[in-house]
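The structure appears right after this line, and notes come after that.
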Amino acid sequence: LLPPSNKFLKAASAHRSQVWEEVRSAALKLSEEEPILAPMLTTTIIKQPSFSAALAYHLATLIETPTISADLWRDVIVDATAREPEINMLIEADLVAVMERDPACDNYLHVFLDFKGFLGLSLHRVSHWLWNQNRRGLAYNLQSRISQVFAIDIHPAAQIGKSVLMDHATGIVIGETAVVGDGCSLLHGVTLGGTGKEKGDRHPKLGKNVLIGTGVSVLGNITIGDGAKIGAGSVVLKSIPPGATAVGVPAKIVGKSIE
Amino acid sequence: LLPPSNKFLKAASAHRSQVWEEVRSAALKLSEEEPILAPMLTTTIIKQPSFSAALAYHLATLIETPTISADLWRDVIVDATAREPEINMLIEADLVAVMERDPACDNYLHVFLDFKGFLGLSLHRVSHWLWNQNRRGLAYNLQSRISQVFAIDIHPAAQIGKSVLMDHATGIVIGETAVVGDGCSLLHGVTLGGTGKEKGDRHPKLGKNVLIGTGVSVLGNITIGDGAKIGAGSVVLKSIPPGATAVGVPAKIVGKSIE
Amino acid sequence: LLPPSNKFLKAASAHRSQVWEEVRSAALKLSEEEPILAPMLTTTIIKQPSFSAALAYHLATLIETPTISADLWRDVIVDATAREPEINMLIEADLVAVMERDPACDNYLHVFLDFKGFLGLSLHRVSHWLWNQNRRGLAYNLQSRISQVFAIDIHPAAQIGKSVLMDHATGIVIGETAVVGDGCSLLHGVTLGGTGKEKGDRHPKLGKNVLIGTGVSVLGNITIGDGAKIGAGSVVLKSIPPGATAVGVPAKIVGKSIE
């Protein structure tokens, strides 16, 4: 996982159609190389009119159940992104963020098809919109499917900024009143939770470009400042200033970043 | 996560039919508000004759596979709860416990439909009954499906008391000879495991109303006393007395609760 | 989890057909005892001509989706194991390793049907072969399905030795340039990851018979020597010599094994 930069913000706005072209041409190439993937790639990407339509199809297929079909879920996703176009811009910025920051990732198609963190976060952006429309029952149901399919449990009310990377993503839990700023990177096993002693506004607030390592718990209504880094396995119970590096159980500040 | 109380024990016995009425009327309301959920809510809840029948239908649908249908799983669950009515009482007490202790939870229907911890624990209560009937092959298969679908791995022989909350629940692992007392709350990522040095009786014994934070490992045939609290990210290798609070890697006692 | 021995290496080569006979006869017995499991056991095991064919059928059924059928996945697995017979030998050695080292496991059929760690690792061996054939798109897709179904995220390029046990397995993450030696045991929640500061060769190298406890993060291009043991919840940032025991956040050496 490389440190975040600001390049992706420009990239996201400049290259929207370029991303879709890259995904589509990579899908065409892969469908020729791997006949087993051809039907999936054709229905999911090649025959779709846009990035947004393709992603809605893909996400709906991943979360369908015997009692709520992919077609029904697709209608929900398409409706949400049509009424709130910012959702698609956020999702494309997330896609670019994965490519920029994850050294194991070498093409957009791979992120689009396979990255649990990207797929789960995309669906959270839909559940968050449903929540804000006061459609809480459906928002909860979608949260639940994200948790079952991707092992990522994000309360629909949680506020997640743009260009956010959730790497590997298994076991991530983000509470109702948590805020994650633009450009943050969260590894798998990260909890942004409550202490159990508070009601109401009780979850962490992350600034911009924060990096949270594997298996970290950040607990309580505390602030993690812009650009701060939290080392793997830490338990953070107090606010961390901007640019600081903190590690340990409980976490202590061990350095100040100067980037 | 709020501290446990004893209110729910009374509530569970007093309000059995009230819980079902609340689930059913919330399902009716939601099916009018969200047409996408109406078919699921109708087959799962509205057309069902009882809480027990509805839950069996819902659980079976969640764990079905191409080789073991929902109908077959439903027969197993209905048969278990008919022969051992205590299973349903335990499940309803768990439902009430979630509502009482989780500040993010505001209605029974949400828990019933969506909470991995509640759903996985309900199925464990069936696998535990199968184990005690010496139907180990089926108990293991059910354990395996719970682990695949909800990322909760509870050995069928593990003994779990009543009114237990597993919040978020991803990554929970509970070993064969573990005991969890009434009113305990376990956050996600909790392991009640062995040390690898013992055979036979080798897993932790939790008293009543114990609270185990996110990502905690409790290892070995040790005792966690009634009302003890273990802080997030701790590794517990020695017994903890009743009412104590322990934190750290390895965990040390840092306080004595006086509630 | 018991310490590893070398017995299983001999056992694996000596008893290949014996393992299949045991799986098959246990399946016959269980299908008589549990009619609900009979159709699954018949199609998955009893009617199959070999261990390899049975496992391919079972794995393909577990990972199928609406867009990639079990039949298509089965062709991929059968093709891989036909072209590279070592895959089956590695898988059978893993099966024997689970039986030898996990005290909660009492028969091969249980491991074959139910153990996420065994099933996920078997599929990784196929995705690793695909990666080495330069079929990266399909290898990534398989990695993604393993992560969705079993919550085990192993990069297809990661090199995993023989007779490896992944116990419980939820949340395991293994990076692109990681190496896991023969006879290693990894509990659930283990990360073999990068520090985020390096590109290229950036993941841990585990020697033989290493034991990594629950929730451990090993980060960076460091070496864990043969027979070393890492205690639960540790964060390992520096190389550990052979035979040593290390614990803590960050991990420190606390003992030298003399087995």
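Residue numbering begins at 1 within each chain, and the chains themselves are lettered A, B and C in the order written.
We take it that a contact is a pair of C-beta atoms (placed from the backbone, for glycine too) under 8 Å apart; a residue touches a chain by one contact, two chains touch by 3 or more.
Values in this document were obtained by computation on a predicted structure and should not be read as measured data.
Peer 1: Could you label the chain B-chain C interface same or different, taking same to mean over half of its residue numbers are used by both chains?
Peer 2: Looking at both copies, the contact residues mostly diverge.
Peer 1: Rotating chain A so that its CA atoms sit on those of chain C: what angle is that, to a multiple of 5 degrees?
Peer 2: Chain A sits rotated relative to chain C by 120 degrees.
Peer 1: Taking the mean of the CA coordinates per chain, how far is chain B from chain C in Å?
Peer 2: 28
Peer 1: Mark out which residues of chain A touch at least two other chains, giving numbers and ranges.
Peer 2: 151, 170-171, 189, 215, 233-234, 249, in rising order.
Peer 1: Give the list of chain B residues in touch with chain A in this complex.
Peer 2: Residues 1-3, 30, 33-34, 36-37, 39-40, 43-44, 61-62, 64, 70, 103-104, 109-110, 113-116, 149-151, 168, 170-171, 187-189, 211, 213-215, 231-234, 247-249 of chain B touch chain A in their complex.
Peer 1: Okay, in this complex, where on chain C does chain A touch?
Peer 2: 65-68, 72-73, 75-76, 135, 137-138, 140-141, 143-144, 147-148, 151, 153, 155, 170-171, 173, 175-176, 189, 191, 193-194, 196, 199-200, 202, 215, 217, 219, 233-235, 249-250
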